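Once you've had a glance at the structure underneath, I'll fire off some questions.
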Amino acid sequence: MEIDLLKGSSRTLLNRVLLAQETWIALAILVLGLVVSMIAPKFATSGNLLNIFQNACFIGIMAIGMTPVIISGGIDISVGSILGMCGVTLGIVLNADMPLVVGIAATLAMGVLCGTVNGAIIAYVKLPPFIVTLATLSIGRSLALVLTNNQVFYEFGRASESIVALGGGYTFGLPNVVYALVVGVIVLHFLLTMSRWGRYLFAIGGNEPAARLSGIPVDLIKISAYAFSGFMVAVTAIFLVGWLGAVTNSIGTGYELQVIASTVIGGASLTGGFGSALGAGIGAILVETIRNALLLAGVNPFWQGTFVGCFILAAVLLERIRSVRR
Amino acid sequence: EEREFALVFKVLNNAFSPPIQAGCEAAAKKLGDVKCTYIGPTEYDEAKEVQLAQDMVTRGVAGLGISAGNPKAMARIMKMAKEKGIPVVTYDTDVLPEDAGLRSTYIGTDNYEFGVALAQKVLAHKKNGTVCIQSGAPASENLKARVQGIRDTLAGVTKDKGVETLTGQNGWTEPAGCPVYNNDDITLAAQQVRDVMTNNPELSAFVAVGGWAQYAPEAYKQAMTPLKARLDSKDLVVVFGDNFGPQLPLLAAGLSHYNIGQRPYDMGFETIMALDKLSKGGTVEPFIKTGTEICTPEDALTTCGKVAN
Amino acid sequence: MPVLARLEHIVKDFGAVRALDNVSLDINEGEVLGLMGDNGAGKSTLVKTIAGNFQPTSGTYVLEGKPVQLSGPADARRHGIEVVYQDLAICDNLTASANVFLGREIMKSLGPLKVLDHKSMNQRSAEIFRELKSETRPADLVVRMSGGQRQAVAIARTRLAKSKIVLMDEPTAAISVRQVAEVLALIRRMKDQGLSVILISHRMPDVFEVCDRVVVMRRGRKVADKRIAQSSPEEVTGLITGAIQTA
Amino acid sequence: MEIDLLKGSSRTLLNRVLLAQETWIALAILVLGLVVSMIAPKFATSGNLLNIFQNACFIGIMAIGMTPVIISGGIDISVGSILGMCGVTLGIVLNADMPLVVGIAATLAMGVLCGTVNGAIIAYVKLPPFIVTLATLSIGRSLALVLTNNQVFYEFGRASESIVALGGGYTFGLPNVVYALVVGVIVLHFLLTMSRWGRYLFAIGGNEPAARLSGIPVDLIKISAYAFSGFMVAVTAIFLVGWLGAVTNSIGTGYELQVIASTVIGGASLTGGFGSALGAGIGAILVETIRNALLLAGVNPFWQGTFVGCFILAAVLLERIRSVRR
Amino acid sequence: MPVLARLEHIVKDFGAVRALDNVSLDINEGEVLGLMGDNGAGKSTLVKTIAGNFQPTSGTYVLEGKPVQLSGPADARRHGIEVVYQDLAICDNLTASANVFLGREIMKSLGPLKVLDHKSMNQRSAEIFRELKSETRPADLVVRMSGGQRQAVAIARTRLAKSKIVLMDEPTAAISVRQVAEVLALIRRMKDQGLSVILISHRMPDVFEVCDRVVVMRRGRKVADKRIAQSSPEEVTGLITGAIQTA
């Protein structure tokens, strides 16, 4: 759903829904689910579906954060390292017997700080995003090691119970992290379609010099996109640490490619100017569904990467065909 | 009625994985009515491993063997399993002591003891000097315990008084740049051995807590052959963890002095056996040591390492 | 005619390149000023300086009697200066209406929040397009539009606010005869409303058709500043090429 | 050294050399070396320098392969997986007691095949290179696992000695792989500056539609760039396997970012149109020098990533400053 | 005048859009043909069809008496057809000379190898630029060049081979008065050498100055094909806008 088809387009609603990448990915998930249910009846149990949903949330929330960055024409391959930095921050603060709120505040601040550093270098020094975040990927992973001196944190002082309850707990029968994903999708959807910030992101991704000439504060918007990404990574870190109950500095290694894959499967374009909140979430769910389906269908896990890779290709191919018809 | 036992490992893409799987399948075959489901993330990812374990609990297997990459998180899954009445054991990597009640037994090596054993082999030939330790991923708990075991033993202190970097305790120091971490990258591991040897010509001991560098046998040979005279006179003592196939010829050639191996095949095998007992209502020992095997150049090509391979 | 804006001895350097060299210029109310010159003469640079995209290296910029230092296009716009850029400066992935309102969206209240008012913006754009006699539909994506429609979108942007000066950098370069006539008509209408228009063009007939005054630039310097009535296409051509030194 | 400044430019030779990224990176290596020599005299020993050089070769050869891809405006993040596929191929063939030439031929064929598949999807299906190679990264790693069934190969049948001699041997006092790097740099430099193929790569990277309108066989050239990258990865695989004396399917995991970093440090631009053969090699040597220097200077190894990241940033910043002055 | 090329009932569809609708056209030797029409009328599409970039959906394309199916621009070039594209189609990161020779580099032997002959290409480009009276230096990067110099580079490309037909898509759209005069002079020189030139332009005076014949397109159809001497700017304007249906 590109932002500008949302309102008053000359196309019908049905037409728009049919043309949306999200619709097709959702359909792919459905078909995949039906096929696997035939082979493995356990697939369609509520417990398993819930697992899929929960497992997809961590990558999904990060993908929501990545979406504005990609819409603005950037990329953030340091998210895995930022996850490490945030996790480590949370671990250190809670381990020092601070209350949970302090831990959460510190983690969110760390995420926003990392994102802001990325964004500031990209916007002000005008270096290519891929390279900048490649460098901060390396730096972040290294600093996480330095900060923890390679210690693992299992003890969260007086916040032990509350952090575990937050990250691993359930509310109304659903894992808490699922609510975080849903809230993330709704908030970002609102921001992208109804706020100036969202409008400016699309403008920058579509034609950056034009956006600049229009008086849009391009640099600030770009920085805010990376900061938002960092923020969402911090949110992921809080839930992930709570769910795992421990922090190691290697947390999140290699997640960047999974996050980008989810975003792209959901219809974002790496050249900028396109992307949606819902797409990011649905992309993550597709990847997780494939993984789970293969497992239940008894496919040798070694094949998993092949299937995921083929689905990535299929999704972008679909996106291409769609955009030609659009 | 076939019973399904699931063994969840930390990472499939690893030298340890095939023998565990082989042991698991052999035991299942021996029992006849058991199916071994051996799974794990193809590349190291703690969260994914936990999710896989959770999937297994949801699926309702008859027994669960866990190698706890992230012990705290696994403890929660094990609790879920316990609530569903699924027997759980850990192998290779245990949960934290406070969660020990969640599993019926731990089958594997004591990693700290493993480190102690490595260090004792060094002490057998050298009373003091410089030592460089090689490890894999810095964050791995198993490896950290081994490194700690080495350091404490060389420093001559007990576990509860653990030392950090060796800076002369009991006459042992670690040279600049050590320990080296290779992040499970075999190429990097081999390069590190060569770099360390080139840059520390006086080094007294090199201890690798796992076999990485020796999985690159030729690169390892190249790095160590120039030092053959020092190795032969035990002026430089080299002790390696693991005793897999490519490592043994190197040991036999005198390019390391001791290789201390674990028994991953036994871990896989014993895990199934334990789960079999538990699912039939039996009990097992709280710690099943699969033990270690110390290989020397003399027995490297004859008796040693046959089980692991 | 009262002077709306005045440039005094403006110099603009890009590194070693002197793009504007001691340019002084009056912009009068209700006057269409033609700006001509060879490629690289400095026309676009002059326009961007007036529009606040560039800060002059030296010289004074007086707006309505007061010296100003514009901090950017948004600032210039606040002073009533609007620009149609040479390369149109349009975002292909947005709708026509979104482009028209880019940087000054209409917001509405949704509870405590301010949100984009898509409906008002579409309506207002539709009105402007009707005014411009363009068939552009506000809610269509620009990527699918023809050159003339894109031009209409760019021009529509200047019609949003009560602007005083409209700068147009080659608005007729790549559009067809019919659309050229429309743009020229539009310029005349703006003039009638008391606006100052600066028209950059390489098309002599256009300049002589709508402009009151013509300024010729050569290598960063102003070499002529004449009333159209007192000049001729031949003279201007000579000034541009350098056959005539100054006038 | 951009191709078109090479001949008959209006600038002097000295000017051109001073403006080249390679010059500055070489200088950085020199300065780094001098500083470290003060702290750790062992740095400047011939043994250590040789180690640095050899260690850099593997990434360096892959970076040479990546260079044409990046010049053409593409990117190949599947190189690590292709290295895995090639290594595994070599292992399987030699393990089956085939002669070395068959093994080498099969490995090179596998590399070229993988590259061609990447290139063909990118050129004909017109999907973005980042996504295509992200997908094949996943697929390649998975197929390497499937092919080997996770076995390690360390027996190479009758080719055992010759492969080891090739990959680990020395000629005239230098490791063989160093010659491979040097030959690679020279051949690619020649191709980029003196051949149609090189000219067309730059044209495609500079303005693809223009290249197409000029009648350049854009699709074929693109495919050949990826095939060349695959070929160089296969060459790396042969030397690496020979040097290591063993093949695991995890070989090359995560190398893509190191290879891209080297290429970019050497002056290639991810937006296409710029890059040089020498730069790729020198970039790889810089990264390896940093690693080695930190080790010798006794810096906590946890800091290593921070230094590497900062050097990446410094290198692209330098490239930016240079290109403004150019 | 002998007919060099003939289009017969050419149709070109892009999905649902019919860009060319039953267009028939003769291209005569030594004649300058003006092609006019509104934005989106199909002029560029027609040029690209003649140049082999597009294959017609239906219709016949006869070159020197033989029906042909051009497989691409290189193929068209072999038949002596050269194009100056609307967007210039130039690679900024290459030198002027590299751009001129793009796709048909001069090679020399270096032992058994064929390598680029930079020197010959630079010399030959320098000659052409001199011929075009442009100050462009062959070994300079295009990225640093002015609009006029870029135009010179694009036009220089058509002068490489003994071409028969030169298609120019709005060569004068964004260049200055002086350079327009140069381009028009060049077109006349090409005509004198017996070349056919097709000039697409929105600039009526240019067309009436150099063309022998004018063809007007409207919505993909040819609505007029007249000798310049028998037409007038007013008539052509009417044809473009649709005020006059056909002529």
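So that you can tell them apart, the chains are marked A, B, C, D and E in the order they are listed, and the count of residues begins at 1 in each.
Criterion: a residue touches a chain if its C-beta (ideal position, glycine included) is under 8 Å from a C-beta of that chain, and two chains touch if they have at least 3 such contacts.
Chain labels with UniProt names: A, D = ABC transporter permease; C, E = Sugar ABC transporter ATP-binding protein.
Just so it is clear, the model here is predicted, and its values are computed rather than measured.
Contacts with subunit A and subunit C are shared by no chain at all. Contact with subunit C and subunit E alike is made by no chain in this entry.
Counting hops only between chains that touch, subunit C reaches subunit D in a minimum of 2.
Here A-B and B-D are compared, and the pair linked by more C-beta contacts is B-D. Distance from subunit E peaks, on a Cα-centroid basis, for B.
Separating the CA-averaged centres of subunit B and subunit D is a span of 34 Å.
With centres taken as mean Cα positions, subunit E sits 49 Å from subunit A. Centre-to-centre separation between subunit B and subunit C, using Cα means, comes to 73 Å. Subunit D and subunit E have centres, each the mean of its CA atoms, that are 42 Å apart. Among all residues of subunit A, those that touch two or more other chains are 145, 150, 254, 302, 304-305.
For subunit B, residues touching at least two other chains, in rising order: 12, 42-43, 138. Of all possible chain pairings, those that touch are A-B, A-C, A-D, B-D, C-E, D-E. Note for the complex: subunit C touches subunit E at residues 36-41, 146-148, 170, 173-180, 202-205, 236-237, 240-241. Listing the residues of subunit D that touch subunit A in their complex gives 77, 121, 125-128, 130-132, 134-139, 141-143, 145-146, 149-150, 254, 257, 260-261, 264, 269-271, 300, 302-306, 308-310, 312-313, 316-317, 320.
Taken together, the subunit A residues at the contact with subunit C in this complex read 2-10, 193-196, 199, 202-203, 205-207, 209-216, 273-274. Chain contact summary for the complex, subunit E toward subunit D: residues 53, 72-75, 77, 83, 85, 87-95, 98, 102-105, 107, 110, 115-116, 118-119, 122, 137-141.
The touching residues of subunit A, counted against subunit B in their complex, run 42, 45, 47-48, 51, 55, 58, 145, 150, 152, 154, 164, 168, 240, 243-246, 248-251, 253-254, 292, 295-296, 301-302, 304-305.
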